[in-house]
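Which chain is which? They are A, B, C and D, in the order written, and residues in each are numbered from 1.
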Amino acid sequence: MPKTEHWGWYVERFAPTEEHHHAIGRVLYSGRSDFQQIAIIETEVFGKMLILDGDTQSSERDEHVYHETLVHPALAAAADRSNVLILGGGEGATLREVLRRPDVRLCTMVDIDGLVVDLAKRYLPEWSDGAFDDPRARVIIGDALAYLRDDREAYGAILSDLTEPLPDSPSHPLFNDAVFSLVKTRLAPGGIYALQASTAAIHNAALHCKMARTLRKHFRYVRSFFTHVPAFDTDWAFLACSDTVDVASTPAERIGEYCAGLRGTSAFYDAETHRRLFALPLYLRRMLAEEGEVF
Amino acid sequence: MPKTEHWGWYVERFAPTEEHHHAIGRVLYSGRSDFQQIAIIETEVFGKMLILDGDTQSSERDEHVYHETLVHPALAAAADRSNVLILGGGEGATLREVLRRPDVRLCTMVDIDGLVVDLAKRYLPEWSDGAFDDPRARVIIGDALAYLRDDREAYGAILSDLTEPLPDSPSHPLFNDAVFSLVKTRLAPGGIYALQASTAAIHNAALHCKMARTLRKHFRYVRSFFTHVPAFDTDWAFLACSDTVDVASTPAERIGEYCAGLRGTSAFYDAETHRRLFALPLYLRRMLAEEGEVF
Amino acid sequence: MPKTEHWGWYVERFAPTEEHHHAIGRVLYSGRSDFQQIAIIETEVFGKMLILDGDTQSSERDEHVYHETLVHPALAAAADRSNVLILGGGEGATLREVLRRPDVRLCTMVDIDGLVVDLAKRYLPEWSDGAFDDPRARVIIGDALAYLRDDREAYGAILSDLTEPLPDSPSHPLFNDAVFSLVKTRLAPGGIYALQASTAAIHNAALHCKMARTLRKHFRYVRSFFTHVPAFDTDWAFLACSDTVDVASTPAERIGEYCAGLRGTSAFYDAETHRRLFALPLYLRRMLAEEGEVF
Amino acid sequence: MPKTEHWGWYVERFAPTEEHHHAIGRVLYSGRSDFQQIAIIETEVFGKMLILDGDTQSSERDEHVYHETLVHPALAAAADRSNVLILGGGEGATLREVLRRPDVRLCTMVDIDGLVVDLAKRYLPEWSDGAFDDPRARVIIGDALAYLRDDREAYGAILSDLTEPLPDSPSHPLFNDAVFSLVKTRLAPGGIYALQASTAAIHNAALHCKMARTLRKHFRYVRSFFTHVPAFDTDWAFLACSDTVDVASTPAERIGEYCAGLRGTSAFYDAETHRRLFALPLYLRRMLAEEGEVF
């Protein structure tokens, strides 16, 4: 038998008939927390990858695309960035991006799975890049829903970096009207709620549209934006929700100033990228305009 | 042994360590022409797929994204659309999109592989949707390079819908300076040369940039644009080249009028999609600005 | 994207966690009959393969192992070989092996799926090797169970070459007490019923033992024998059942004479191979001796 | 995306066109020693598996088949079992089987890869089942070839449990005439050299026959024997070599007495299994009788 370079493959199944196979270079961690199955592997094309319950969460090579997209459109448009809340975000990369703005005074992150946070610190330090040690960071291991219920603060931006609300996932109880009402009460005036929101690919945008329809019951402006995230194998979508701010229309100058005020270097986001993110193709605008199911 | 729903899988290998597996519903055709290996299959998620030499060429579910993107930005910007040339394009979908404009009087398509054209007519009629029977269509089975050498016509747009210029592919001899010089001599004043140009994903945009750099030696305006094509598993890029027309800057009104003049219904392209296609993310603008290898 | 030699793979799933992947060279046929999904492919290692409902039925490279094992131990031991019945056996290879003995005067084969027989004649002629044209062959397309009910002949050997009796398979109604009683009434004195009977591998012999236990209710001698069939990816087992003949004990001289009387050349079976087939390893003898479930 | 039960698969490639995929339950270890890539995983069907350089070495579910076959035919036939040598055998299961005979006074095991031995002790204790702690066991981490050169002892049996002699494997320098001459000088009178010797499947027995032919230059009796090892996905062959003892012909009574003298319970080997192991099918006897390449 000829030697094989790679004995192991990570297989992500998108549908019973669609799989992506990544050859595993090294297994850095493989186990199970109280909440989910966790694996951290190295691959040649995507570098390190974090996998929860068999789904890619982020990869070393393109996590900047995902995390800059989740954070900066919302923060650039927010009226006040001094106090920011992250739901989920265990890798620490959403936290990292938020803290790049010096006008953020406090960023609270609530993730249910302390093991993911610990493993991210140990095996994926590039993701947080020191953010966990920033005095402005407050990391709470706990239930985001309980936190929202008990909390009394007002946030300029709430960023939801949870896994997809699939029936068995720990994030499932966090996607419904009651939660959105809670989120809304925690937003400061001019505040923005941004969340990752499934795919927006032409053959597979129904869940995204359902999420958007649901949120339109709660917020005046619910804007879809999306980008291809290579490690996700598809276009990934987000929603920016607010009663006062239309994130899709943030002026290029404001974005330019915002980006100039970021510490470090961005890989993906600036005013032109913003234009790309929010310019939706014909099929998606049509689908978003249709009536349909809500959560 | 439990019954399996699908006995066969189409495996597209992007790298020795990256594969996408599609379960095969039916094999409509599987064989080899004088030029390449050809397969036409049905899949649940992407519908029918055309596969040449193991690479997905187009899928029923998203071929509109690809073909509208290849054709319409160039045609919307072209000074004169009366005479159009397609290099490759065997499925007939590029031809279909071109002929949707009534002001196209003649569209010549030159594809080397007559078997692909015949199989597309038989198994993929939705792709050409009658275009092969349009009296304005002229289909030549032959070598695109020889055609360019012998031809004396002037085209308002030349659309290159060839497979990737990989070393063993039949399209490889069509990607070099000599060919681009030839192409240029065939463009009418205000003419545009548009071609598909590999991927533009953050981890894999080097070949696209090399293609762009090469073409900048020949044309004043060389504009990158790209979109995610789900069946390709990645962002797919194109280049629009001209000495007189900057396709990235076509005014929205012109695009609106152009689209209004198209027969039938578009799935993807209009002025807002155009804005998306040509608004390049930060990393790609940086990479395109760098010096580097050319063909 | 680098060219891949093979775009398609046949994936046989043995369990939700175990699969064998064979690269497809050519797809000779792929479709569905009234009874099952049928595929005929070419592979480099196994040559042509017949696949029914996702399960390998036989391969060009090793079908002799399977078919010689099904036929010759039974025929060598049978008191009278003049009249033989095959249940299933669509490929025609069981028929071929039976007809290699000149003392077979008539061999009736009853297969429910005429399309499998037609495809085998067209694409797998090496399997039947002319047997379908032998005047001693009688091929009936129909239900084996109905045939057994209506038939009044007496057979020196009945060979069951059906697919595994899985819940949804067309062979499922053919594995129960009523059928075995019917089979028994069709056996001539000294007659033998031989059938393929799942795997006998150390980790997966339970179904075989259940089949053996069930048949022991009907026959005095129920002998297990097995061999590795590479294309099946495992050891494959058979049962030889009779009230009068212990097939495991056929003397080597009798086998030698029997084999000498076969037309053509055998690849696998002779007296020493017989000894191998019926010498069961310790674990299997232990398992067969245990009480347990029956059909 | 639907949750997948298994995110990782172990893919063993037997040929560029043949692969077996095992879903990974847990990764117990994954790393690299100075000599080879090592992985220890759990699977549902085979239990724990040891994988070296991408090749299955043994599995919890069927390692008894392999190790009993390597050890007992040789030891049952050997004139004197007091002193036994194992080349390789890192898991400790060959050692375990040898030490089951009380008349073994010393068993020396020489394995080059101390990490494999350490990992086996930690993660695969069922394999050695205490054998490493037996006072009769002597484990040397070192080069088997150097050991053979320097050693002056005489062994009643030398058992070679090395990985396949593929060009890049650490066992490659151990398969040639010089080594066999050395081995021979270390055998006591009536001594036997037994080694694992590739596959004996009908489509893939050439390497085994080449190994047998090579050894026939050195020993009077070179006997092939083989069994299906499910985790290896194929029939696995061995060779028993001696100038004085024909292992194929060990009388059943001697085997019975030998087995009765083994501590603990066997899963696979006894006199009937011995008959099976050494009764070779027609194709293999034909191939072994042919002239051909040697090492």
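By definition in this document, a residue touches a chain if its C-beta (ideal position, glycine included) is under 8 Å from a C-beta of that chain, and two chains touch if they have at least 3 such contacts.
Just so it is clear, the model here is predicted, and its values are computed rather than measured.
Visitor: If each hop has to land on a touching chain, what is the smallest number of hops from subunit B to subunit D?
Guide: The distance in steps between these two chains is 2.
Visitor: Mind listing the chains that sit against subunit B and also against subunit C?
Guide: Shared contacts of subunit B and subunit C: no chain.
Visitor: Using each chain's Cα centroid, which is most distant from the centroid of subunit A?
Guide: Measuring from the centre of subunit A, the most distant chain centre belongs to C.
Visitor: Once you find the CA centre of subunit A and the CA centre of subunit B, what distance in Å lies between them?
Guide: Roughly 33 Å, centre to centre.
Visitor: Which whole number of Å gives the spacing of the CA centres of subunit A and subunit C?
Guide: So the centroids are 56 Å from each other.
Visitor: In whole angstrom, how far does the Cα centroid of subunit A sit from the Cα centroid of subunit D?
Guide: Between these chains, centre-to-centre, one finds 52 Å.
Visitor: Can you tell me which residues of subunit C touch two or more of the remaining chains?
Guide: 5-6, 14-16, 21
Visitor: Which pairs of chains touch each other?
Guide: Those chain pairs satisfying the definition are A-B, A-D, B-C, C-D.
Visitor: Mind listing the subunit A positions that touch subunit D in their complex?
Guide: Answer in residue numbers: 1-16, 21, 24, 26-27, 30-31, 37, 39, 41, 51, 53-55, 164, 166, 168-169.
Visitor: So in the complex, the part of subunit A that touches subunit B is made up of which residues?
Guide: 5-6, 14-23, 25, 43-46, 61-62, 64-65, 201-204, 227-228, 230, 233-235, 266-270, 272-273, 275-276, 279-283, 285
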